[in-house]
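Take a look at the structures listed below.
Heads up, the next two complexes both have chain A, just with different partners, chain B and then chain C.
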Partner chain A sequence: MKTEPLSILVRNPLAGVFVALTVIFALSALLSPYFLTPYNLSVIARGLAFVGLITIAQSMLMVLGELDLSLGVIGGLCGVISGILMVKLGIEPYSAMLLAVLLGACLGLFNGLLVTTLRLHSLVLTIGTAGIFGGANLVLTRGVAITGIPKEVQFLGRGDVLGVPVPFLIMLAALAVATFVMVKTPFGRYMYAIGNNQAGARMLGIRVDRIRLLVFVAAGAIAGLAGVLMVARLGTAQPSIGDTWVLAPIAASVIGGVATTGGVGSPIGAIFGAGIIAVIENIIVLFGVSPYWQGIVSGAIVVLAISFDAISRRYLRRENG
Partner chain B sequence: MAYLETHGLGRDFPGVTALDGVDLKIELGRTHILAGENGAGKSTLVKILTGTDQASRGRVLVDGRDPAEDPTLYKNIAYVPQELNLFPQMSVAENLFMPFSRTGHGGALVDRKALVEEARTYLDRFGIEADPRALVAHISVSDQQLLQIARACTNAEMKVLILDEPTSSLTRVEVERVFKVIRALLDRDHAIVFISHKMEEVFEIGDDYTVLRNGEKVDSGRIADITEADLIRAMSGRDLSFEEHFRPETTVGEAIMEVRGLTGARFEDISFDLRKGEILGFAGLVGAGRSEVMQTIFGFQKAKAGSVTVAGKPWALNDTSRSVAGGMLYLSEERKHHGIFPLLSLRENIGISLLSLTTGPLGISDRKERGAVQEIIDAYGIRTAGMGKRIAELSGGNQQKAIIGRAMATRPRVLIFDEPTKGIDIRTKTEIYRIMKRLAEEGVGVILVSSELNELKKCASRIITMHNGRITGDFAATDTNNETLVGAIFGTEAKADEN
Partner chain C sequence: MKKIATLLACAAFALPVAAWAQDAAGTTKKDSYRFVIVPKVVHPWFDKVNEGAQQAATALKAQTGASVEVIYSAPQTADVVQQNQIIDSALATQPDGLAIDLLDPSGNQASLEEAQSQNVPLVLFDSVPPEGMQITHIGSDFCEQAKIASRRLVEILNGEGEVAIMMGVPTAPNHSIRAECHRQVFAEHPGIKVVAEGIDNDSIEIAQQQAAAIMQANPNLKGWVASDAAGPIGIGQAIVEAGKQDQVTLVGLDNLPEMIEMIRNGVADSSSASQPELQGYWSVMMLWAQATGAPVPGYVDTGNAFLTKDNIGD
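Now for the complex of A and B:
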């Protein structure tokens, strides 16, 4: 069999983004002596954990052909609710966190029910529900952080196991579960089928709406988990948690090979994409780029990354007829 | 010298030669039939002729000049793809002249009045009945097909018009409208390249022909000098008994499915029995409501009234997953929209119906899935470079075989084929007929919806005709002549019966 130099990239869509991540990682290590220090790496990993959880949730929805712009706000609302439950209502902290995650699942259910029963466009609907959830957050907190989160749960956000940040491990566990479900179970196959061709999936007797609903629920729960872990990390329930979790996970998913139109890609690819963004943002800080310029630089690099990806795909397709 | 010629045209893709040494001569004022099975290289050839792909070897000559050196020559060649490629939410007139700059309607503002006025002349010329201001989504399929041809002809420099299966979703009467347009274009000294799998049309409209097989030209000449059998032999490379019948040879048993008074959005009071051991054909015009009836029985569309029983038990309507679980499958004519998952591999497309066999406690087993999918690939003769290939890259016939193979694996009790051979070459058609026959003989209830009378007469034991949402006749296939059937399809015969 003839091997084309780039054929591995065609056969395995993950290879491209993995190579890109490795190259950016190596370049960063060469460019900055601080990059590979354990402290810096753990900063990257801890930051990646939270955006990463949202990225997993968003990429699952994107494979179905849906987008949920309220995931970040769900994270924020669940975070402050967990704070209120444990600090103001004195509920046992772990139970409070669990309840908050369940709330995330319920908010996902709310989105999912509206999308599936009324046949709404998820992107537009979740602009609306994001307003509702975000507003509820402000009504409950009046914009003021809830302090006094018990020390015992802060380990989940701040702690390390063998030098690896705990939230990063939790994100990896969520990634493993999501990947197993999507790659190895019928449920996952049905997700891809729905993302490819919803009518075709119905024709095969797949319970399309039930699966879409369940993925919205799972995404909401994961977003809630991210919010709760962020509270554990900060030690306070900030109303602003989740503000930056809206666009980066979508960009990360696209960089990682998940199409906004659905049907292709995987959470692993999306996490590689999130890794690329995290490393780039880190190296910008290490270089001391003025904070005013950081948005421009990181935005430009995302544009470059997806353009490069699109061009290489087109080139590969031409080679393969 | 012919107007459009190719000399030793070849096109290589990694690992595959799609075209090799193809010589072609297209003359003005004549219809040239481009014949070949799915995957014979017709599409690749058309892409090179229209400039969307470049040849690896050989050359194209348009009016004696090479378009590779002068790309403006490509403007003389227009192409109408098989799939409708219109803007459904824009008006007929807008569709006709898009892009406006090409057709002299450019400028900062679009003059809608002028657009509509000029559109009328085209619509008259092409016999399109729709209003130029109507949305394309609201006009008939045959008008849409003609509109695509008319749009290609708004290009004033067009000399050669390539039509890729322009009649595949049209009924006999509508085909006549397309042929009228073709004849008018020939009178204006245009050349037509006509791609079709329907033999009667090929012999009716064709002047010259070229047959491709496996990327090579195997035969060419005048249609008047070749018989249907010879043309089919040239395309398939072997003898096919195209007069063969595929009716089940078993005796007809008890009813598997009984439909009573079924009513839906576009049909009323449909009652019939599907019996064990028969292939039940459904004939009718496009829009007669046949697909709607089947999709309603299957649960894909909502039923308003009526009941269905399968094996004596009431059948739940409005739920496709219960239908599938209960052993009923519907194979849609819309392969692209209802059948395949285009971005997934052949393996995943087939494997999706085998998951109950291939999933163990550790999830879907790679090994089991490969084995089960390979069995289907072998059993149904699906030609592919490997099961990891995206299904969208396979030819239409192979996609259809994958869909059928996948359906068989679920061991259905009732199987509904809706236009299963649309856009599929003759050899694959025969294979599909054999599969239907075998299933019926094994006791599966088989329904065949088809717009080709020949196909129904070849395969069906019994033919039910529909017109305008109602059943107009129920005939044994062996002792029915075409006139009676056509009468029932057009609703004339039935009215006489009712009165």
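Now for the complex of A and C:
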């Protein structure tokens, strides 16, 4: 047995991604004088909040061995619906937002019911439902943003508490709840059991379909929350909200150690992964990287981060005997 | 004594004049300037804007001796959320000015307000400011640009026939203004019937797919106009694939190389073109003027050009 801290590091599944994030953070701070300014950190935190919420939802599903490609579109549709409720139907803004989040839960329920009752593959199914939800968005808006979102709710997207963006605080709260449920409750342990071996979990008497259904509902609600917060951030309900929330949360989850096959990982790791992506997107602008090189640069940093994670773990494991 | 009094009086007058001269508009000088250009999306039309912006930087450097850097930072997709993220990150670098083509004025407003609160000079190109915000904007008359194209189509069709309009990004104001102005021109001619409208989201591929489907569904379609630069290129490809060069007339928009090539080989009749290089050039000039403390106009019109086989050269 070597040193105790190394042993703790190697045992902790979050260590690799945390170290990778720290290295990227430190290098960015060294190379750009603007990186550590409070304004820039708040820009990163605010950007991370929205993708972070979808990442939490996606990582919960991935632990079960599921993938939902409609989460971003659910966020967009819920955002648009909240705008319609507030502006066109005159419903009290916070009630409208709550109703939109509930709609997100219902859309998650719709996905979950189809997956569990018809035994459909969630990845394939949600390609289809993403088309339905995205189409509904266009039918309702005809591609035109809904303006006139009341100022009182814009605090939820634009406001700060002690310099920390409000949506980031909401994301942290969602992360805390998701982590508590997954780590500290039997429900969470069942999620990992299902993700590891669904047939085995059934044999153990775990109500597999019920748990899968509830996680789809929770994921839909979180996506809806991301959508309405983005409406509060923009001050308009944009039909394009959620368009870029499809691949990034999956990539973030994988970077953060969540296995696509299920049973491994946690939302905290996924948020570290999302943090890496958010910092990369930020430094690309700070360094003035050409837009034609951005894909190569960000892809290369992600590959390096994953490789660093894998290599450091292997090294530490060897060091520890 | 009288002389001393006169000298003192002159000095009393000269001091504020000298102080005023120090603060006179346009006299603030720096050794280096860094401007950031944020277009709607990575797109060849915006490359031309960037070319113009770089030319302006070179010109300013040659004329003033100052170092002028223009950083071009484009969203990978035409998404207002991603564009805001880029604007916010660019603001963190404390640039001397920011030129932006807004994807959606209302959706971009929070980021623009943040820039103004940080006293970063702003210029908008190819787009208009959000309601209630005073920001210098540069571009051509979008409506007139569209009307030049739709009037030309009406003229070729002798005021009769079925036509279609390709909208660009429906939430982009310049695209929606052009689409609306096409409709206005066609509505003035009872013999012209708009049978279909497509949305291409500023993508050549989507424009091609939409145009192919619309021509399939409307076999009597006689003509096309578009509302963005990608639209006519996709429509032209669809016309060629359907073998309808002799049946369907395309009057395009803007001056991308593919558009010019289509005019040259007869797939398109002509194009009503905005001048992206000029928009980039004057964006940088307006930002520089603001950075020096000079007053700037509210709007700079870079005009439209009408391109036909006769004036595009070989």
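Here is the rule we go by: the second predicted complex is superposed on the first by the 295 of 321 C-alpha atoms of A that agree within 3 Å, B and C clash if a C-alpha of one lies under 4 Å from a C-alpha of the other, contacts with A are read in each partner's own complex, and residues count from 1 in each chain.
Heads up, the rule we're going with is that a residue touches a chain if its C-beta (ideal position, glycine included) is under 8 Å from a C-beta of that chain, and two chains touch if they have at least 3 such contacts.
The model shown is predicted, which means the values in this text are computed figures rather than measured ones.
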Chain B versus chain C as contact partner of A:Thr236, first or second or both or neither: second
Touching partner for A:Gly205 - first (chain B), second (chain C), both, neither: first
Chain A residues touched - chain C or chain B, whichever exceeds: C
Which of chain B and chain C A:Val144 touches, first, second, both or neither: second
Contacts of A:Gly90 with chain B and chain C, given as first, second, both or neither: neither
Chain B versus chain C as contact partner of A:Asn40, first or second or both or neither: second
Touching partner for A:Thr244 - first (chain B), second (chain C), both, neither: second
First, second, both or neither for A:Asn282, with chain B first and chain C second: second
Touching partner for A:Gly163 - first (chain B), second (chain C), both, neither: neither
Chain C residues within the chain A interface of the complex: 36, 42, 71-82, 84-86, 88-94, 104, 106-107, 109-110, 169-171, 176, 199
Chain B residues touching chain A - in the complex, by the definition given at the top: 13-16, 18, 298, 300, 320-325, 330, 332, 337-344, 348, 351-353, 355-356, 359, 362-364, 388
In the complex, chain A residues that touch chain B: 2, 4, 11, 180, 183-186, 189-190, 192-193, 196-197, 199-207, 259, 263-264, 319-321
Chain A residues touching chain C - in the complex, by the definition given at the top: 32, 34-35, 37, 39-40, 43, 46-47, 50, 142-145, 147, 158, 230, 233-236, 238-241, 243-244, 281-282, 285-286, 288, 290-292, 294-295
